[in-house]
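Here the chain labels run A, B and C in written order, and each chain numbers its own residues starting at 1.
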């Protein structure tokens, strides 16, 4: 499954994997904001930000080729508009669209590939994200695999009997809805019988150490320094 | 000694009006294991859901001397641990350790205590290696044991297991039976697996159409209701072969 | 349409992030109030359902097929507020795990698809859900739930200066129209058969059964989204029109204005201005989120 790879990457070990999710979130957001506010995308800008991403990817000891391949997902969209800009004579904007969208996607992927989703969500909650939304995302992520598997099996079963026609496709989605709803009821039952009172207690066991502070700080200093000195 | 669970004349109808349980009388004493046998849809699971108040029918239920009332629910749910049939529904937290610590946290333990209890339980169930794994990375057997661990971490007096061996491979079944046999709690187990029933059960009850129609030793009931699947297979196979 | 990072102007994404944080905070409180205790698992599982349902292709003839987007379907079953929360969760997972939509642009995507899309998808059902036009209402809801977000997204891109010549807008609108019609068909088919399966799963519409209001509402949504798009294509008219448009347009001017003043008073160097605006936006988002969180926890403990 596609996202299974990212999930497995996130459970590896490296300097970046070991950092507190909050530090990574802060560093990621700073990177994205700085990149989004670059005055003009020049080759120096591309090298600077690209170098930063490369350094992070090496620190995370993740395979580069598959990471790049995944980033290419944004290319059809970005590429179309870049082409449009280039055709209308605005090559600066074309470069800006391509660089900004692909670099941002790569940065997000690095954060997600070095932090298991539960930890990332717990970190986001500690940073102030609304509890309800975080909890819903957590359940969504947990059952994504289970239900996608089910949908795929249904599709296979249909393909074995000659594919899904329109009515059957509607029926398949309905059945999937029903079994998802019932699954949710089953989960609720299981939660109740283990003492659920309406509030999910999250307990991330992470500590914000000096190394984590350092990561966030160094990111900010490098980014700001680059902008002040070389207008990156 | 007073029975751990005492049920008198329990009746329940589904919301659409179909009767599901029609007058169940049942008792469970300390340390005992009772196997619930019966066809699919005969009311075993519905009955079990009444024992910790997830469904409410008419009749009297007492658990460890507590009557089934709203104010007792918390205590009753602590004393009765239910391991559901769908392990995926039971393992709803992101990692195994968090899932096992979920019950203790709800009981008011501090996160540190809950973690300690969870680690202890994981060790007892042989899952130390899966501590930080996500539930979807577990094998079927590990999932089943993790679900059991989540319940055991609440230190219940009574364990209820709904079809614990379904979808387990033979070694997985053996592991689970060994684990269950070593647990001191009183147990109620619904199953179609006669091997499991023989290995664990002393007493068995037989459900039919929402009633308990027979009670006795496991071997006796299996024999009386001809509850050994292989018999049917070989008989029917032979008869078609003859034709 | 998921907008990636790097496309929207800083004022645009910052403003939309703030409005999204506010709206989602409000909607999640509404969702909690509207449903029984312990609904977080249900909402999460239904989000996973939408992902799974997107794997099932829905053939629409001559070799093409579409798939479910889901906001109208969720609105008819879980209610609009809960549906918006589920769609937000879906967008978050798409942005983080699938690189579908940016992180800074998350606010824009949430406003377009989770907030505006869900509300547009529910509105016809709200007014016509009980009358003879029921089937038409469900279909129209599905159509609007795709069309409105698409127009808003195009408008935001255009207003951020992404070049979009007339033919491109026309072609994309045509494509969106096709997928909107598909969404309408799927929603209609699924809601119909869900009702036969278990009537309790589909919400009974609680609105006043008024054709006039329904028609007015649907027209308003269409006008607002198409108007936003038109306004963005005619840049001069944008500022004037934005105030009269939808929530989205209003939020944008409201929130972008203080930032602009802030920029001016600060420094005249363009890059410093942009950093400052970006940082200020981020800080505001953070404070707003924190405030909502506090507010919600206080509500819960009472």
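To be clear about the criterion, a residue touches a chain if its C-beta (ideal position, glycine included) is under 8 Å from a C-beta of that chain, and two chains touch if they have at least 3 such contacts.
Everything numeric in this text was worked out from a predicted model, so none of it was measured.
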Write out the two chains that share the greatest number of C-beta pairs in contact. A-C
Outermost chain relative to subunit B, judged by CA means, is C
Per-chain C-alpha mean nearest global C-alpha mean belongs to chain A
Need the CA-centroid distance for the pair subunit A / subunit C, whole Å please. 20
With chain centres taken as the means of their Cα atoms, state the distance from subunit A to subunit B in Å. 39
Distance between subunit B and subunit C based on Cα centroids, please, to the nearest Å. 45
Can you tell me which residues of subunit A touch two or more of the remaining chains? 117, 138-139, 141-142, 146, 183, 187, 191-192, 196
If you look at subunit C, which of its residues touch at least two other chains? 41
For subunit B, write out the residues touching at least two other chains, lowest number first. 92
For the complex, give me every residue of subunit A touching subunit B. 7, 11, 116-118, 121, 138-139, 141-142, 145-146, 183, 186-187, 189-197, 201, 203, 205
Sort out for me which residues of subunit B touch subunit A in the complex. 49, 52, 54, 74, 77-78, 80-82, 84, 86, 88-90, 92-95, 98, 101-103, 105-107, 111, 114-115, 132, 134-136, 150-151, 154
Contact footprint of subunit C on subunit A as seen in their complex: 2-3, 6, 28-29, 32-39, 70-71, 73-74, 77-78, 81, 84-85, 88, 90, 93, 96-97, 99-101, 103-105, 108-109, 112, 117, 120, 127-133, 135-144, 146-148, 150-152, 154-155, 164-167, 169-174, 176-178, 180-181, 183-185, 187-188, 191-192, 196, 198-200, 227, 231
So in the complex, which bits of subunit C are touching subunit A? 4-7, 10, 13, 24-25, 28, 31-32, 37-38, 40-49, 51-53, 55-60, 68, 73, 77, 85-86, 88-90, 92-93, 95-100, 102-104, 157, 161-165, 168, 185-186, 189-190, 192-194, 197-198, 201, 270-271, 274-275, 277-279, 281-282, 286, 289-290, 292-293, 296-297, 300
